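Lettered A, B and C in written order, each chain numbered from 1.
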Amino acid sequence: MEKIIVCIKGVPEPGSVKVDPETHALKRESMELILNPNDRPALEMAVRLKNDYNIELVAISMGPPNVIPLLKHAYALGVDQMILLSDRAFAGSDTLATSYVLAEAIKKLSPFSLVLMGLKSIDGETAQVPPETASLLDIPSLTNVKSLFMKDNKWIAIREIEYGEEEVEVEGPLVCSVSPTAFEYIRPPSLKRLLEVKNKEPIVWQAGDLNLDSQKLGLKGSPTQVVEVIEKKIETKGIILEGETEELVEKLIEVLKEKALIKN
Amino acid sequence: MFERINIENLPKGNILAFGEFYRNELNNSSLEILSPLKEVAQALNKKLILLFLIGSLEDIKNLEEIKKSLADEVWFVVNNELKDLKDDLYTEVLAQIVKSSQPYGLFFPATKIGMSLAPRVAGALKVGLCAHVNYLKVKDNQIIMSRPTYGENIIAKLVSKSSPVMATISLGAFNIKYGEREPLMKEIIFPENFSWSSKLKIRNFIPSKKKLTKLSTAKIVVSGGRGLKNKETFQKLFELAEILGAEVGATRPVCYEGWVEEERMIGVSGVTVKPKIYIGFGISGALQHTVGMENSEFIIAVNTDKDAPLVKMANLALIGDARKILELLLKKLKS
Amino acid sequence: MIQYNFTEEQKILIDLIKQIGEEYIKPYALEWDEKEIYDEKPIRALADADLFGIIIPEDYGGLGWGSFEMCLAVEKLSYYCGGVSTTYAASFLGSYPILLFGNKEQKEKYLPDIAKGKKLCAFALTEPQAGSDAFAIKTTAKKEGEFYILNGMKQWITNGGIADIYIVVAVTDPSKGARGASAFIVEKNDPGFSVGKKEKKLGLRASVTTELFFNDCKIPKNRLLAREGMGFIVALRTLDFGRCGAGAQALGIAQAAMEVSLKHATSRIQFGQPIYNFQAVNHTFADMAVKIEAARALIYNVAKFIDSGAKEISGASSIAKCFATDIAMWVTERAIQMMGGFGYMRDYPVQKYFRDAKCLQIYEGTNEIQRNIIARELIKYYK
């Protein structure tokens, strides 16, 4: 088996969001970034596969240099190599432009057996990047994967869809987005690896290192664009009641009766 | 049975909607998305086409539903290899149709399957893809779509500069409407040399034990947020739902905490609800959530914070500890 | 208040424990306590984080650190839950005998798994008739050819049932009194070994305490630690090393109690002002701070004293354990008082701190026994 690549993303700590007033893109470079919570199960799956099959793990993150601590976190969980994709030209990328950069970086890391990503980021929430990257790499993709193992040189995955779970056999390499609820338990970083990574830095790849087409990058390379924003103003429209729990519950019951949700 | 049409002869420049078929069952979301798309198609003077990929024509159980739909035409691609959901093959088929029929737009319901396929197709065609839009309108001959943005109290209006315009459409955001005329049914014939192969093989399917939630069509919704403090208290909403004949909904943080499955998330990346009565316990009302329930007929908010957006939106707001109020309410309703 | 100059490594350790505490412990601690549940997830997290390897030498897969780092880890962990930290600290207590007295073969067999947290340890000395009077133990170990056969029972053993490795002190030669006991390594699957019921406790309810039974429990003779007759030396030396850990637990619990009650006192309004404004209240907090800082300085110093390779550590470690656990009892009791009715309610954590702290004055040698040791050592030191 060849290496496994995990793509992770830095997202703003809820409450610390800063937005460019013109493009309405998030200003990631000036925010405290945390690891996208949905990437944790992807990393956990990667580390479990590494322990089972003894293969190399590479973590990639595209973003400003303030995602470096997140790559180090991935290292402390068990990742062997950290790669930062960082270039001013990447700023403002939509999912297509992001997938393009990731796909080119992944190509450069060939050969590989598997690419894992979180189902979706908690900021964009599009869930598009994993299948889109796979499509650009022209390899299969599965979304919402809750378990994955190898048998006779093929991947066997369980994926979740609305109707239930499918067991799918795939000839690798493959891109999977991992279900947020794939694991009951997700490990913390290892102290030994935290001490080790203290003196390590990720490899940085810029647009030039990947021979990227500048027309496909950042805002310029993003076909979807914000044309207008509308602020949602909320005006008080109903009755606001304060009081003791007992009174409030009585009122609620009264309304529920009025609406015929409960009988008298 | 249907008119057979070679792929190279498909009419060009229309609006295509992906029809989700799984194990011979039509997913209603495919009919929902026709409602806004019909208006878009009419404004642009284009036809609305519902597109199905299926294993065999005999498998279609919901043909009558499809005949009543808003679509002007329904296109079927029929091949035994399409029986199972094979993302790579489906993408190839859809990409071929797009290349031949050069549609103006291609839309998917934001189901798990739709969200798996749409990005693959967008990648294959190298075009933009808007996610989970809950509003589509034509302005200056352009499709404008919108969705809330992260962390701000604003709605972003988006366009896609590439062709076809592609988007996934929020579940439950639109009601199913029926058409006046039965759509034309066509079966698309692919060239002899088209490869139906896939790298995916579906080995097994285990149907979900949980019933699909009827959240998006529920008449009464009881919903909970972080203000309920823990999973245990949140679970009490199910007792209340049982008594009121309601469905249980949730906010995003609560789903991420694992208090309840993500299928119950109301909002941008979840379900849109339009019940007669919506009761929110311990929900402050981030835009992410409120866009999914703002069209409820009567909103009741239970929250400690008087200034919370949901409290302001509500027809009736009770200012207090959601946990205590829920517990006392249940006690009283049970006795 | 007093800032310590921790090394980079120690800061990383502290951060890691905080991370584990916030994520794997804090949201559940009250529930574990209420329902008296042992949850293996935080223990698994501590294992995956290499935190069972702190005192294990690098050659055996550990970090090769000392008592000081062990105390830091236990202190910071106890801040989140005294029960979880009991499971953790008790495992150290069970690994010290192998670390201090094990031969190369025994160390190679057990320490790597202990360092990885794959195997939990327990230290089994107490018996129904032998508590403070440890020399009164009745469990016997009889040598038969290549084996020892153990018979008897142990009581109130932390990690009973969840541990894989048990250090058991048993009498090998009744005629020799205190010099007639020996220490053995018993594995959970050894024939004739079984675990009794789980005890119902006042505090530390997220940890497991059980009886252990030995019914012709047959173990290979290479499970003997050190030599026959060294049993109490192994036990007492282990306790000398472990006591600081109990003191560190007290620090963490007292710190948490002070912080929770302080937050209450500064926000609770009575007579038109925060109750912290009243001298009876703020002087109590001042006293809490004095005692906690003094205890911390003491624990840290004694831990460093032990790490310096000092031979005579009994007195020092008893002073540390005795003082820190006594002040934790005082602080947690005052914390409840400072919160009034809130402090007494099980919705708030201070009553848990109070119940957890009580055990610290009892286990690993009651504080009365600690005073006996201190008094004994005092005479030796100033003779």
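Here is the rule we go by: contacts are C-beta pairs under 8 Å (C-beta built on N, C-alpha and C of every residue); 3 or more make two chains touch, one makes a residue touch a chain.
Computed from a prediction, not measured in an experiment: that's the story for all the values here.
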*Please find which chain has its CA centre nearest to the centre of all protein CA atoms in view.*
A
_Of the chain pairs A-B and A-C, which one is connected by the greater count of C-beta contacts?_
A-B
*asked:* Centroid from C-alpha atoms only, then distance subunit B to subunit C, rounded to Å. What do you get?
replied: 55
*If you average the CA atoms of subunit A and of subunit B, how far apart do the two points sit, in angstrom?*
21
*List the centre-to-centre spacing of subunit A and subunit C in whole Å, with centres computed as mean CA coordinates.*
40
*Junction residues of subunit A - those touching two or more other chains*: none
*Where does subunit C touch two or more other chains at once, residue-wise?*
none
*subunit C - residues contacting subunit A, complex*: 8-9, 12-13, 16, 19-20, 23-24, 41, 44-45, 48-51, 53, 63
*subunit B residues within the subunit A interface of the complex*: 22-23, 27, 85, 87-88, 91, 111-113, 115-124, 126-132, 144, 146, 148-162, 198-208, 212, 220, 243-246, 252, 256, 258, 261-263, 268-269, 276-277, 285, 287, 290, 298-300, 302, 306, 309, 311-321, 324-325, 328-329, 332-333
_If we count contacts the way the header does, which residues on subunit A are in touch with subunit C in the complex?_
185, 187-192, 194-195, 198
*asked:* With touch defined as at the start, can you tell me which subunit A residues reach subunit B in the complex?
replied: 12, 14, 17, 19, 24, 26, 37, 94-96, 99, 120, 122-136, 139-144, 156, 160-171, 180-181, 222-232, 234-246, 248-249, 251-253, 255-256, 259, 261-262
